[in-house]
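Look at the two complexes coming up: chain A is in both, with chain B in one and chain C in the other.
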Partner chain A sequence: MLTFILRRILITIPMLLIISFLVYLGLELTPGDAVSHMISPDLTNTVTEEQMAAMRESLGLDKSFIERYWSWLTHIVQGDFGHSLSGGVAISTIVLDRLPATLELSIFALVFSTIIGCVLGLLSALKRGSATDSALTVVGMLGVSIPEFFFGLVAILIFALNLGWLPVGGRLLPSYDSYWDHFPNIILPGLVLSLMMTAGVMRYARSAMLDSLSREFIRTARAKGLPQWRIILYHAFRVALTPVVVLIGFRLPTLIGGSVIIEAVFQWPGIGLEFIGAVRGSDYPLVMSIALLSVLAVLLASLIVDVLTAMIDPRVRLG
Partner chain B sequence: MANDLALSVKDLKTFFYTNKRCNKALNGVSFEIRKGKTLGVVGESGCGKSVTASSIMQLLPRLSRIEEGSITYHSERGDIRIDELERDGAEMRSIRGEEIAMIFQDPMTALNPVYSVGFQIGEALQYHTDLTKKQRGERVIELLTAMGIPSPGERAKQFPHNYSGGMRQRAMIAMAMSCNPKILIADEPTTALDVTIQAQIFNLMNKLKSENDTAIMLITHDMGVIAELADDVAVMYMGNIVEAGTVDDVLRRPQHPYTRALLDSIPILGRGRDQDIKSIRGATPDPYERPKGCQFAPRCDFATDACEVMPTEEAVTDTHRVMCHRYKEIFENA
Partner chain C sequence: MGKASLNRKFDALRAKEEAGLLKPASGSRALRKMMSNQLAVAGVVIFSIILLASIFAPLLTVHDPLKVDLRSMLQTPSAEHWFGTDRTGRDVFARVLYGGRVSILVGLGSALLAAAVGVGIGAYTGYKGGWVDVVALRASEIFMAFPQIILVLLLVSITGQSLMNLIIIFVLTGWGPMYRMARARVLSLREEEYVQALQSFGVPTLKICYKHILPNALGPIMVNITLTTAMFILAEAGLSFLGLGVPLSIPTWGNILNVAQDLRVLQNNWWLWAPVGAVISLFVLSVNFIGDGLRDSTDPTLQG
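Let's look at the complex of A and B:
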């Protein structure tokens, strides 16, 4: 198991290198460079070419692309992401500041959609063909096909504006001092973010469950005289869990992408909101760092999923 | 007489309902399994052997139902009408695996891939005995040893994919035998295995039968297997038992044309490849469009107009019965 994890981490490293290179290349290809962005438009005419060149040299921009990439990379490995162009704050500070909010939202959505998705999928499979099953199927289809921002806006309209049950947005109430004080704030964005994933997990869990219920080892388990609940949970569900975990792993990037939108809709002060601000303000170093971190998050997530699948399914460990 | 029986099935009818059509998979099946003896059930595929086994275990698919007849398990506590028990009720579950156990055709798919073999054998013990976890672990190793699995301690912790086909079937047998059942139903236990392994599995089953006094219902489509292992034989065709008796009765003095055809279709060992094996003419009919009378008539060389009517079971001797209008004439001619 340990060698499996180590091998899996080793595969991740070259992937990270390639992606970091692509991100850096992408930045290189955007029009203008840092210097042209640092000079306010009113001054463009008065600044001479020599002054620009001097600035470039002082920032190291006259070096070759590869040299610059290398120095950027070595800094990042040491945790130094450089500074935001607007305000000059260290990017690592910004990220660390915003990360908890995003993690909170994503983990809420992940836990909710995994548990509720599995439970509903299981129910749907066990009551196949019933009214409950059909209703859940319809809800599931709506869930995966309607865009999140739309859900978000509708949810705000109904639950925050019309009914006034929950706050419109933001993360903290003014009187914030314990977690439960700001719990009402996470309900709407958390649920909306998890909706699509819940629907996906549910549909997948249903079909995985139907598949495993029809397998022969279920008949063996029944022939042993095991009670129904044990056959369903220990034998059918346990086997159905592997594809579901893999699906959740595949869907994690959409959770990360979705959180950008949801954070914007609900003004949730996480990395996604910061990212939108950075894009608007052409704050390229910040955009680049966040993009790279999201990639890292996705790779990390898929690593975790692989380890989890190997733990759940002994056959995976062979390969 | 009656108290040496382990199970009696009387006039059992099990029907399938698919797409609003009815498949009379078992259309009046009667037989007995004697304590500590092997009943061989033989017939071409699709004739209802597995449905018979599932009916006894109450493991029928949802769209099928026991319509008529009775299945009586002669337990030490007295007779139990299995067909009257609730399918997944506590009483049926306590019989399943503990008193009547079953092994299946394909050991590759019959074990759960995500649990160790030891765990899966231990599960039966957990639900049917008062053994502690530690005692169960010991019993599992004891069982695997008895099944001839080398280094059983290691093997118990391994998963089904670490086992070969023959070993998996041994593990299945270990699971079935774990609670010393009175009856073991083996549904084509070696069809998926190669010939040398087949012989080992059958030896093992024979050993278990004599050591534990377990009655065995051995389902197969191979007359050769019957000749070697069975004490009694039931020949099935399209939902009926067309001939039944002791091995001697059925193999030496076959009465039904179908039994003879089956016997003619076994290759005899040592006679080489060019022997005259007669395969049975035609194919089994569509189960939804069955012949009106004798089910075998369309493929039978001796069929006459009389065969348009369903024959009844007739006793040839005390132990031997047959379901054919013309068995007397045919037997004389042979």
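Let's look at the complex of A and C:
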């Protein structure tokens, strides 16, 4: 097992190196360099070329591309992603500041969509071919067809603006005393994100459940005279759960990307909102750093899924 | 369905057949199967209506989607303006029709291009094997390691916003899954006996993989194109809604929805966002129905 994990990590490293190189190349292709961003626009006429060149030399910008990439990479490995162009705040500080909000929203959506998706998938598998099954299939299709931001806007209109039950957006307000005060703020974005993701889980749970219901051990359980609910919950559902758990792992990256637009709609101050702000403001170092971190998260998630599947399913070869 | 009812159905069919009422089925089996799927037929109908309405927009409306008319700002829907007018007096119905042209072009066009690139590369490198295969596989892994929207926004920030850039970016981010699927199909078909026979006749490699292997992978490719189209339409709408997609001067479904970011518009001017939101949802839904129907009718493992 340990050699399998080590081997899996070793495969990931060259990939990360190539991606980091491409991201740095992208950073190079963007207009302007650090010096042109450091000098305020009012001073551009008074600063001479020699002064600019001297500044570039002191920052190491006159070195070759490969040397600069190497120094950038070694800094990143030590957790130093450089500074944001607007405000000059360290990027690692910004990311650490925004990460809890995104994690909170993602975990909420992950848990909620898994529960609803499993229950509905189970229901539709048990009533296969019935009106409930077809209705759930159509609703699932609607779930993947309505743009998530449109769904979010309608939810805001109904529950926040017209009924006034929940806040329009935002997360932690200065007037909140305890951490739990912001719970009403997460309900709308969390539910919208979950419902958009439920359709996938439902489909997967339905086919996994149908598969497990047709197995021999279910017939054995029926022959033993076990009650129906016990067969369904303890025998069939348990077996159907394994592929669903794997699916959850695979959806972690989609979750990272999926929350970007929802965060913008609800002004939820997470990484996604920061990323959109950075793209709008052409804050290239911040854009590249967040993109690189998201790739890291995706690769890490797929590593964990691989290890978990190997642990759950003995048929997976460790070669 | 119980055994007795199936027996009854079968007896009825046989009676009809003996009376000479049933004609032998003709035409493509996949097409017939698709047409018997009600949701897929509904999908084709909705898809065609919206597509044709966009193409023949000038016949359906007399209004210019770009013409600013400050005397008729924010009018509610009426016989003159079916979907009302927006803040600068532009006709929303005309904007939805003309916007459909651009949105469908971006969605369908990028999906077809991504399929051409992905399948073109996948079929060839999968058949050839060796180092070209390894290079293409690694390249696809790099593109697929990014969450899609992050990669799209990253490329938008480097290249800047334009219609052409957006299509290129969608193709760059969408070719990976198409490539994977085409490669997997070709890898399994490569070992078939008919391919070995073609090789022994000395048929050129390119001809074998594009003329003799590729048509056998057409079903899953078409399913993939529909799903990718749905994804790109939603992506364009989302990006334009954020103001990061197609430049705001060009009407697209996402750009029309852009105004709904303003909560006052959301609450007071429903005609600016509700109809176009419904049109996007209906269109994507119809594409998904078609994709599902295609999958059921072309996937041999699901037939029966």
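Everything that follows uses one rule, which is that the second predicted complex is superposed on the first by the 261 of 319 C-alpha atoms of A that agree within 3 Å, B and C clash if a C-alpha of one lies under 4 Å from a C-alpha of the other, contacts with A are read in each partner's own complex, and residues count from 1 in each chain.
Quick note on the criterion: contacts are C-beta pairs under 8 Å (C-beta built on N, C-alpha and C of every residue); 3 or more make two chains touch, one makes a residue touch a chain.
Small disclaimer: the values here were computed from a predicted structure and weren't measured.
Visitor: Now for A:Arg238: first (chain B), second (chain C), both, or neither, which partner does it touch?
Guide: first
Visitor: According to the contact criterion defined above, which of chain B and chain C contacts more residues of chain A?
Guide: Of the two chains, more chain A residues are contacted by C.
Visitor: Go through the superposed model and pick first if A:Glu148 touches only chain B, second if only chain C, both, or neither.
Guide: second
Visitor: Between chain B and chain C, whom does A:Thr220 touch in the aligned arrangement: first, second, both, or neither?
Guide: A:Thr220 sits against chain B, while chain C stays out of touch.
Visitor: Once the shared chain is lined up, is A:Val295 touching chain B (first), chain C (second), both, or neither of them?
Guide: second
Visitor: Tell me which partner A:Gln228 touches in the superposition: chain B (first), chain C (second), both or neither.
Guide: A:Gln228 contacts chain B only, not chain C.
Visitor: Looking at A:His75, would you say it contacts chain B, chain C, both, or neither? Reply first, second, both or neither.
Guide: Neither partner.
Visitor: So, A:Leu22: does it touch chain B (first), chain C (second), both, or neither?
Guide: Once the two structures are laid over each other on A, A:Leu22 reaches chain C alone.
Visitor: Help me check something: in the complex, which residues belonging to chain C touch chain A?
Guide: Residue list for chain C touching chain A: 39, 138, 141-142, 145-151, 153-154, 156-158, 230, 234, 237-238, 241-244, 257, 260, 263, 266-267, 273, 277, 280-281, 284-285, 288-289, 292.
Visitor: Any idea which chain A residues touch chain C in the complex?
Guide: 15, 18-19, 22, 26, 29-30, 138, 141-142, 144-150, 153-154, 156-157, 161-162, 168, 253-254, 256-258, 260-261, 264, 275-276, 278-280, 282, 284, 287-288, 290-291, 294-295, 298-299
Visitor: Tell me, which parts of chain B touch chain A in their complex?
Guide: 57, 59, 88, 92-98, 101-102, 104, 106, 109-115, 120, 123-124, 127-128, 159, 161, 172, 175
Visitor: What residues on chain A touch chain B, complex-wise?
Guide: It is residues 215-217, 219-228, 235, 238-239, 242, 312-315, 318 of chain A that touch chain B.
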